[in-house]
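Note that chain A is present in both complexes that follow, paired respectively with chain B and with chain C.
After this line comes the complex of A and B, so read on.
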């Protein structure tokens, strides 16, 4: 079968901040670069990042990249690789200035310098006073960054394939990655894009959980593509939950609400955080509050018909305070929770927010995997950057404002490395027919007709199972049961059927392909979590409540084949400074 | 109710994908509106809705969710209608 085929020097899958920053380096160096995105590029999830991006500019309070590095290592609960973290924190400063020059309208101080706000986890002097490190363009930082990068790419003649869905990576006869098979959503026709280097920049996977702050597009496609290509995923058990998402919907209600005096109550009207965190109460750290909410629900003190959420009360603050200090919250709550917080509480439940783990890469965005005997090998021609990758700068827990930084720094670096790679490897590679057959059979599987469970139903069961068994509350018993349920769902996946087999804009078909990806990525999270017998960062286990550096100061690697786990050491040696040895993490 | 024609179905599927956005709030509002309110729109308003989907996420968020900005005049009515139809208090809920 002959497939329509296009050739490029580089193929970038994903048009968020990571993909676009990589593409820009390549296009500016006159390489032929293709960017594939399942939605129009400026509708990528980066647009939702309203908070800002971290860099130690020291515009508001004293600061240094070294303090930023310390905070990031500590925040990661010592699981982050210190060479990559040093690199990122140093690069943060030129990265923000580069964005400024490119036209991102950062908010300013009276003296004209970039304004910086204080976020949790930021300190001066290695754990001292609060620092102010986050640069924002009002409440539209992600939008401004994405837009600026998109415009620059258009000028640099990056070739965009908008509304094309990447199905799987393809390989040549030597087994080397040489591009991907993609589907044009409008026509439903497959297209083979062959490239000398391929970068996965497909973003997060929050949709694998029932309640998430992530947009519908975040289905972990790139991570699943890597898994199916035999590449392991790293540290997938570390998933950040935000305690206050709108129940059953997932939209974030910012921590600012509790900062202003809002508090949580159970069905008896009890202010239950007093029992879990007598001092910090509702302002305890995200994982503590999230676990308390889930415990209340599990022990039958949840609110509502199904007792499956708690309430966030702020009516006592009064309309003036709510309207002035918490703009947007009132509207959002009215629309999505059907509750006006001026008169009634908001139903909330922890919401899956950010994947710390992902496709393992080195500092240059090159996908790297163990090659036996403790050594590592780069997967030739394959790169990953952004939330789908794990460089690993966030370790077990990400700090606010460090994700935009991660995608920009490592997106750019991957772009630069690809330029060199293509220079050294200028020849064209062609996809092998066996590799193509494999991808095509994954596609045609969804053409099968007949009775079967619907995509919608399977998707709902998967997401519920992930929430119940691989969410905030993780004991051996709960997770082992979850793994069994997931195996059962995975076994039933081949029986799922589509009813709509049309070609043009068949979004049901795209959702079916996304379901495959969600199943693969969900499994990687569940299995990695089940195996890690300690509490570290976002992974907290009541049955193993302590961090165990002796046994577990190591990265997890999940392989799809046989749901196998492997581990590799954390890189504790920075590039130029002394290591930060593990310490207890107290704030 | 009329069964949508082949072309109408195709257009609906196309719009359904346009309702996939970078923000969860917009995903919810726009796709629910498409499901619950679109068929009641006049021909002219349907075109307007399709045009609205071409706008930037950040603007849509400001117009429909946080209401921190007033949309351009042609969208005014639609911007009221979408959260009213697709929000939680809507009869479709």
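After this line comes the complex of A and C, so read on.
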């Protein structure tokens, strides 16, 4: 079979913060780099990040990368790898300065330095007073960063394949990854992109849940591609529910609202977080606040006719602060909740927000998988960075402001490592025809005609199932039932049919391919969750309410074949400092 | 509620048509929700959309003759029956999906990135809050294309006139105290078309879903050119 083929030094799949920061390193080093994105780059979901990016610049309050590291380890409920966390927290500082130099319009302090706000789970001096570590461009930090990175890539003349959908990774005859088959959405034609190194930077998978802050495009494409290539996904049971989504709709209201002094109240007007986190209150970690909100609602203290949400109050901050620091959420709240937060509180409820887990990598973005006897092996030529990857810096619960940081630090580092890899491996590899046939069959499967369930209906059932069975609180019974339902849906997936088989800009076909991905990733979440018999971070089990370090201080690995689970130890030894041993986690 | 959408699939159609759909409404329904409902009934209908909250800029369409971002446009603000067409003046690829290549080319043409010639400091380049405030109303652009595709000057000369979105970004960098390429930027805008085709019709201001004002930005560029005696 002859396919149109293009050759590059590096192929990057995804044009969010991680992909674009990696591309910038590669293009600046004069490598031939292709960035494939299913949407125009500035439509990537990094654009929706609001609150900011963490770095211990100490512009507002005293700070150090070491305190940032402590907070991140504690926030992760001790499941994060401490070498990767130390590395990220150290790198945060030069990374933010580099972004500023690239043009990000950060908000400013009177002395001209970058504005920093308080965010949840941040402390000075290893658990002391609240810190202010989140560098912000009003409440549009992700937008500011994504646009700046795209702009710098224009300067660096990165080669973009806009509106191309990555179908699957391809391998050469030795089984080594050598690029991907992509689909040009506009023409519906497949294209093979062969590259010496491939970086998966496809972002999150929040669309597997019905109520989510994630965009329509966040369907776990890269994670599913990895699964189908035989690579396990790590720690997928840890899915973050952001405490403050607009009730009933899911759009994000930044934690920055609480960082600026806003707080949550129940129907009695009580500031209930004081009961759950006496010290940090509304700025406790996200898992803690989400559980508190769900508990308030379950125990009958929710607001509204159905008592199914709580209120986020910020009118006391005054119009000046809200307009200056939180203009975006004022706009969103007016449009989607019909509430101007300058005068009235915003109705909120937790919303599916972020996958802590993902494709396992080392701290250079290289995909790493177990090689038996406790050792690990790097998957040659394959990298992952950003939300689709798991380095693992977030462990069981991510701190606000660490996501933009993760994508930038590890995107950049993956780019730098690819430069070295390509220098050491300068020769082109060619896709093997068996591998190509397999990938093409994933495309042709959707050409089948006849009656069957619609993609839309299957997608809706999957999302409902995930929401009902893998939410904030999970018991054996709920999850086992969910797994059964998911298996049933997965069995029915081959019966799903497209009615539209046209070629040009067929978004139905893209949604069908995304459905495959959502099914694969949804299953990894459900299976990983069902197996972990403890409560840690975002994985909260009323039937196993305690954290169990004896049995469960370990990373989960989910393999698609046979829905098999494996585990690997947490890397508790940092690079240069003393390890933070697990402690009871209170805020 | 009846909604009438523009349909054209080059695979099968020789000319475009409007097609009616009946969709159920709900409180707080946005135009994007209505389009999703159409898609649910008829998967052959194509349109771009993603974030659903007005920040990614994917889902600009023309509704009842006006360019809007469908995810932040309540259907209650639109007169029934709602007529939804692709953004005007751009080649249609399929249904509501238009070819935005020229729009992006004009964006790239203004060199929309910070140029710094001095050696970089170890920390941030300082900028006062007042200087930073000058970027408000500029950097928030989401490149949805509502403005440029509503601009008669852009319709007539899309290859020569940069259009409001690109010029807004041009001013975003001219206004940034950290940028050190003012003269090159102004030089590149000389001539009768790139900048000066703007006749202050202000359609761009009228339709911007983020409340930005490209006409004012263009005015600032013209003033700066005069100041510099170019």
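The definition used in the following text is that the second predicted complex is superposed on the first by the 485 of 587 C-alpha atoms of A that agree within 3 Å, B and C clash if a C-alpha of one lies under 4 Å from a C-alpha of the other, contacts with A are read in each partner's own complex, and residues count from 1 in each chain.
Simple rule for what comes next: contacts are C-beta pairs under 8 Å (C-beta built on N, C-alpha and C of every residue); 3 or more make two chains touch, one makes a residue touch a chain.
This structure is a prediction, so every number in the text was calculated from the model and none was measured.
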Touching partner for A:334 - first (chain B), second (chain C), both, neither: first
Which of chain B and chain C A:505 touches, first, second, both or neither: both
Touching partner for A:402 - first (chain B), second (chain C), both, neither: neither
Chain B versus chain C as contact partner of A:110, first or second or both or neither: second
Chain touching more of chain A, residue-wise (chain B, chain C): C
Which superposed partner A:456 touches (first chain B, second chain C, both, neither): second
Touching partner for A:134 - first (chain B), second (chain C), both, neither: neither
Touching both chain C and chain B, counted on chain A across the two superposed complexes: 39, 42-45, 47-48, 140, 143, 147, 186, 215-217, 249, 251, 328, 331-332, 335-336, 338, 502, 504-507
In the complex, chain A residues that touch chain C: 39-40, 42-45, 47-48, 57, 96-97, 100-103, 105-114, 137, 140, 143-144, 147-148, 151-152, 154-155, 186, 215-217, 249, 251-252, 328, 331-332, 335-336, 338, 454-456, 498-500, 502-508, 511
Chain B to chain A touching residues, read off their complex: 10, 13-14, 16-17, 20-29, 31, 56-58, 65-68, 83, 87-89, 93
Chain A residues touching chain B - in the complex, by the definition given at the top: 38-39, 42-48, 140, 142-143, 146-147, 163, 185-186, 212-217, 249-251, 327-328, 331-332, 334-339, 502, 504-507, 510
Chain A-facing residues of chain C, complex: 9-12, 28, 39-40, 43-44, 46-58, 72, 74, 93-95, 97, 100, 104, 108, 111-114, 116, 120, 122-129, 131-132, 135, 139-140, 142-143, 173, 176, 178-179
